[in-house]
Amino acid sequence: MMDIVDKIKGIEGVKVTVQRENRIFVDVSEDKVISTLYNMKLIGFHQLSVQNVIDRIKDNKFEIFYVLYSREYKINAIVRTWIDRENPVIKTADKIYPSAHTWEREISEMFGIKVDGNEDSGKPFILENWKDLPPMRKDFDSVKYSSEHFVFRHSEGENE
Amino acid sequence: MVKMILIAIVAPLLAFSIGLSFMMIKRKVVARIQRRYGPTIIQPIFDIMKLLLKEDNISHGVIFSLGPIIAIAGSILSVFFIPIAGLNMLTGSGDLIALLYIMAIGSLGMALGAGDSANPNASIGISRALTLMFGYDLPLVIIVISVALQYHTTDLSAIVAAQANGHWALWSLPLSAIVGFVVTYGALGEHPFDIITAPHEVATGPMVEYGGKHLGFLMINHAFHLYVEIALFVDLFLGGASNIFIFYIKMFAVFFIMMMFDEVLPRFKIDDAVRFFWKWPTVVALISLIIVLVK
Amino acid sequence: MNIKEYEKGSFLKPLTSVKYLFKKPHTLRYPKETKPVADRFRGLHINDVDKCIGCGNCRDICPCAAITMEKASKIGRPIEIDKKGANPVRPKIDYGRCSFCALCVEMCPTGSLKMSKDLIYTSPDAEAFAWVPLEEQGREPGFIQDNEITPLMLEAQEMEELEPEVRKRSFEEMILGFSEEQARKEAMRCLGCGICMQGCPAHMKIPEYIQAIFDGDHKKSVKYMLEDNVLPGICGRICTHRCQDDCVYQYRGAPIHIMWLKRYATDQLEDYKDVNIEKMPATGKKVAIIGGGPSGLSAAYHLSTMGHSVTIFEQKNRAGGALATGIPLYRLPIYELDKEIGNIESMGVEIKTNVKVGEDVKFEDLLKEFDAVYIGIGLSYGRSINLKGEEHPDVVQAIDFLRQVKVEGRRDITKHVIVIGGGNVAMDVARTVARLQEINYQSKDTTVETVSLEDWDIMPASQEEIDGALEEGVIFNPAWGPNQVIFNEDGSIKGLEVKKVKYVFDENHRFNPAFYEDQKKIIYGDYIIESVGQMYNFSFIPKELMEQLKFTPRRKVWVDEYGETSIPGVFAGGDIVETSKGDAISAIANGHRAAIGIDRFLHGKSRRG
Amino acid sequence: MSKSYELFIGPNHPGIPGNFSLKIELEGDTVISAKGDPGYLHRAFEKAMEGRYYIQNLALIPRICVPEPDINEAAYAMAVEDLMGVEIPERAKYIRTIVLELARAANYTFWMGGFAGTLGLYTLAQWSFGDRDYALDLFAEICGARVYHMYIWPGGVRRDLPPGWEDKLLGYVKYMKERLIDYDNIFFKNVMFKYRTKGIAVVTKEQAIEWGATGPILKAAGVAQDVRKDDPYAAYEYLDFEIPTLTDGDSWSRAMIRRWELENSLNIIEQAVKKMPKKGPVWEKMPNPLKWYVPEGETYAKVESARGEHGFYMVSDGTGKPYRVAVRGASHTHMFTIAEKVLIGQRLADVSHILVSLDVCPPEIDR
Amino acid sequence: MEKMTEEQVKSIANMLRKRSLWMIHYCTGCGAMELPPTMTSRYDMERFGLAPYVTSRQADILLITGYLNVKTLRRVITVYEQMLDPKYVIGFGSCTLNGGVYWDSYAVIKQLDRYIPADLYIAGCMPRPEAVISAFRHLMELIDSGKADGYKRYKRNLAYYKENQRKVLG
């Protein structure tokens, strides 16, 4: 466990936190993500389990995380990075992890993040004819949207 | 003349009811093999009646509507060529050959109609149907030739007559009979040869755009089809029958064996099916033919 | 598994399946055949609407927003509407939303809501999928709640208190208060339904301040308290906590210690400077308040926040009324009283102590001098029961005894004391006596006995007080009525003759005790303290005004809904009015109400103005 | 026949496993490109979960994947427990294991029927769907619902097992083992099955690793990766079981792996019932649901579903509602990274059974 | 035949229709999970003449199995319009009635009958196979008594439905 942490620490510009056994957080700056992912794969993290985004609206940031898994060491490493919420752009990781391609399609649709190098970024994926804010952003209010676009069947006795 | 008209009415009705009864029984038997009770025995009648009562709100053109009609017409015509228990009206030399052609009309009619529906699934289904026909026609032709050579006639009534008193072609031409069974099986489109309608692949193929009355006609056609194919096999190899009951029992026996296979085999791919028909059945049929020729 | 076997493939093996043609199918021919539904099946709801209290916890937990609360009139059958601790509403479930997760059942504090085994309901009418579940719908119960595994936190935090042996030795405060962790855990239990608010005479915003305690925001919490209750720290110690009697947790577990949570929050603040209600601009109107008890203080605080200038006239040497004189020190330490009264003074209220209205200032003068007068004199005189022999000097009134001990520092006591009464004051007296006896005699062959008409089940004192008294060695004589005092030959008291009580309340539920005249016994003791109630004294009001003052049939002062008496400009509150239940919190509540009334009066909106 | 044409498979098509659409380009009978079109089952789970209390999400999570809801419940509960630092009671661990394995067995039974159906063998579908029904009834007895169990929740499980349930469970296991012989006879030993699936849609070991495959696809390619062994959760560390692997990576191997895992699950159930503590608590007390504040933090909890690694990435900001929950369904990768590539060059007749052999579960993709 | 009144013909037609209901096998939502047990050997709905059929042209009943995503709604409307009269719609479970557990979701419609007419609803999330069978039997009764007239309503109020569909589909 510790030798692999040391190996990861060897990658330039990373901050490693060991959450518990088999869970490592690797924080990097935005410009180093792709090189870090590349190095992580070289170390033995072959599998991208999930890549997604957290909307940190208070900090005005998007947190992008890649959950990697190494079969050899049986460790989950989570690579995290933060980008600005205005005009968000990330670089694609699908050359390193092919499965990132689809996650990036989803991210670009659900958060409105442009993915450089991914030709499907920005094309409709899950949604159809979507005209509002990207729905997974925190400032998109789902309840409001649904009460505006759909009609609820109101039973007579509303609250007290 | 009156007798002719009577036969012209009775024969299709008889054929239809035999085919229908097979459809009824099949649903019940299939259900039992699948560990369930299945529908009421007369369910196919309800289905057909309901389909005929449906309102039409689509039109894909005349040919589209004509498809099922041509299919039914072809099937009814073939019925007249098949002698059952002395009921044979359109006899004449060469009727076996003619029958083979007429039997293809059904498939062609379907092809015409379905091709007009402009649905790719239907087109694929039709091309599969024609390919499959192509596949099983070769061994069929060979065994028909063997039988014809064996009895020195292409007249079905004569073939049936020759097999009277238990001298069935099944005994004299066992290999041809096996091939004949396989071919009949394939022609009926039972598993593993249900490639044409395969729901998981082409969404019922040619029937994809058919609904309502058209589908009702197709179901009626299926009843005729069942009858024609099995009756032909019974006439060719099981010696026909002198009365309708024995004929029915023979047909049922054949159909029952078919049902056994039907529910336990996954389906072929179309090219595999054709390859299959051109491989073992053809080879065996040829061997059988050679045996006949040598004898 | 031997993979080789499978790699071969077989043509004949599949044909073995044909055997099922001759076997009985395993089809369940529904509806002809049915199978038993699982015991825990989560189907359509059942609700025992008589047991249900309409608390709305099911609605709050529903992930699908499927539950709305339907008014009693629309339920489809009559229910008891003004049930104590209940809202006159019942859950209505929209099966166009319900996901059958049964969280509502798990969260139902009364256990009235269940799920049935029935989930077969079809209808062509989309509107027919919402109804109020009733037991009459005849569904068989399926999923019900389990007290072992429930998301509700049924158990209350144990409050630490001094051991009986230790606390008896002094008048030190016996309840130690919650630690931060305990308070958070206790606050966590609250479901926020607000049923308790109805029980509280002051209608304090209990769910809000408990939430604030849970969030660790004590200032916000006290701020909520002060809106309705100006003495939260005191109420956190001595309140009769009617809120807790209504708490929804009582049905399946222990109610939340709302009172102690209140105490916890106020204890965290040195003073209330930052959290007081904002003062409105001065109006220049003057209000006199007679009596510095809880109701007077409450009225004073709120009036001063409304911008009026307020003067309190208190006849004793410190404000607080019964809080200052009656409540023993071990329940309410004096510094807490100073803290809260100090806070009220900090709002600009002037408290004139040692001023007796009627003697030092005339009531008529107050009426002239001030724009409005508020009477909150309370019941400050003991009531006698006309016991034979009660004129003996060793037969005293509880209220005097308690004042002597608390204010005047009396510490002497005899060895055998009899306390007449079964209320909370009697308990205070008995426990005070027990402490004094411990201090004087280390409890060596001393006795303190109480005599009450009421039996255990209807004793008016709260259970905690009774338990505390029992722990401290107080002997109870329930269901005995005092008959006469028995004297020794030397004139000292020998004991009290008592007779067995037949019943206390008659068939009309009126107080009308009857006794078995033949069953008598003597309780031995040399000092008797009567604790059977108090009364007021209106001697300071001149006769002509007194005639104008209207009283209710129960001899309480009549007031309208804003606390105004039949004399215009004179308001009343506290124990002397009918709405009070004889505790501090009701006094605070009607003090607040009167403050609103006075404000209206001063702005010319009086009933008669 | 050089002209290519497009064909939509789905969303309304029996050959598609669920409400999903696949746009394939055909040349003759051969697929030259395949593009998945998801979103027909998009319900915005991850958004909805952000707006609900931790306990309210219990009603949502099983609905992420319909055929096997328990994995969602388990992964969700594990994520919450991880953030709160809660260790669940021993008996609860075993009950979770049993429930998860029963769900896995039921899912494979269901899958088997679907797979046979795509090959045209409806008898097996009829049998296995019917046999799975008994498992659903067993679920109904422990938690009150046949499909959406909502049984595993943070802290343990929702109720203790009802008396006598273990015997019924073992009875079902015995029944299923007998039925397996029939399943083998009609399908897994069927020459036609072998004929249709051998050598079809091969995912080699290298490809499987590169594309990020998990579960049966990886096992069929010869890699023994399984969350149950690698990062044991529930009671798997106390149980003895093997991870089956085959080497070919074709449709046949994947089907056999699932058949094998089904037997494995039944064995694990038997073992777990034997080893389970007979008494004891099944739930670690959790806070009041309305004030259930989970400490701030991020975590990733994963379980082995019937399709592969299933994980929940959960972020808490210290309030009563999760700040963000991201769900990782195995099908997401399997559909878009693997199926789209593997389908190329295959025959139209094979498309539907390849999709099922990769076990693409659309609700998991759309969420 | 001439002797029979139009009423009698209709009632015979309804009798036949109810005995042979073909459902289109379109899993629009998770409610489809309880259909396989209903269709197959354990509950065997073929006993009532119900069978799953593949395409919209062949089917008589459209089952809206639970929630309906906006993207799916577009396909469902197409399918519904392709089906031949008489056709019937059954709404499964909570979601078709009032949004169900997805009441706050931006992607799921809340009321089925604003977009296509529904003849029958089943309570539950999801309904048990018994409930599904009960629903089919209920539908048969409705057909018999001529009350299942959703397809007529759709024709009559086409403008209303189209307007609602346009609003949500854009």
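In order of appearance the chains are A, B, C, D and E, and numbering begins at 1 in each one.
Criterion: a contact is a pair of C-beta atoms (placed from the backbone, for glycine too) under 8 Å apart; a residue touches a chain by one contact, two chains touch by 3 or more.
It should be emphasised that the depicted structure is a prediction, and the values quoted were computed from it without experimental measurement.
A.B. asks: With chain D gone and nothing shifted, sort the other chains into their touching clusters.
C.D. replies: Drop chain D and the rest stays one piece.
A.B. asks: If you take the chains that touch chain B and keep only those that also touch chain C, what is left?
C.D. replies: Under the touch definition, chain B and chain C have D, E as mutual neighbours.
A.B. asks: Which chain lies the greatest distance away from chain D when centres are computed from Cα atoms alone?
C.D. replies: Computed centres place C farthest from chain D.
A.B. asks: Mean of the CA atoms for each chain, then the mean for all of them together: which chain is nearest?
C.D. replies: Located nearest the centre of all protein C-alpha atoms is chain D.
A.B. asks: Average the CA atoms of each chain to get its centre, and name the chain whose centre is farthest from that of chain B.
C.D. replies: If we average the C-alpha coordinates per chain, C ends up farthest from chain B.
A.B. asks: Distance between chain B and chain E based on Cα centroids, please, to the nearest Å.
C.D. replies: Here chain B and chain E have centroids separated by 35 Å.
A.B. asks: So how far apart, in whole Å, are chain A and chain E when each is placed at the average of its C-alpha atoms?
C.D. replies: 40
A.B. asks: When the C-alpha atoms of chain A and chain B are each averaged to a single point, how far apart are the two points in Å?
C.D. replies: Taking the mean C-alpha position of each chain, the two centres sit 59 Å apart.
A.B. asks: How far is the middle of chain C from the middle of chain E, if each middle is the mean of its Cα atoms, in Å?
C.D. replies: Chain centroid spacing, chain C to chain E, equals 56 Å.
A.B. asks: Pull out every residue in chain A that's touching 2 or more other chains.
C.D. replies: Those would be 127-128, 135, 140, 142-143, 153.
A.B. asks: If a residue has to touch 2 or more other chains to count, which residues of chain C qualify?
C.D. replies: In chain C, 14, 17, 25-27, 29, 63-64, 94, 96, 99-100, 126 touch at least two other chains.
A.B. asks: For chain B, which residues are shared contacts with two or more other chains?
C.D. replies: Answer for chain B, listing residues that touch two or more other chains: 31, 33-37, 199, 203, 263-265.
A.B. asks: For the complex, give me every residue of chain C touching chain B.
C.D. replies: Checking each residue of chain C against chain B gives 14-15, 17-18, 20-23, 25-27, 29.
A.B. asks: Would you mind writing out the residues of chain A in touch with chain E in their complex?
C.D. replies: Touch residues, chain A against chain E: 127-129, 131-132, 135, 140, 142-143, 145-146, 149-153.
A.B. asks: Would you pull the chain E residues touching chain B in the complex into a rising list?
C.D. replies: Those in contact with chain B are residues 13, 16-17, 19-20, 22, 40-41, 44, 46-49, 51, 54-60, 82-86.
A.B. asks: Across the complex, what residues on chain E touch chain D?
C.D. replies: On the chain E side, the touching residues are 24-30, 32-34, 36-37, 39-43, 54-56, 67, 69, 71-72, 75, 79, 101-102, 104-108, 125-126, 128-129.
A.B. asks: Applying the document's contact rule, which stretches of chain E touch chain A when the two form their complex?
C.D. replies: Where chain E meets chain A, its residues are 70-71, 74, 97-99, 103-111, 114, 167-170.
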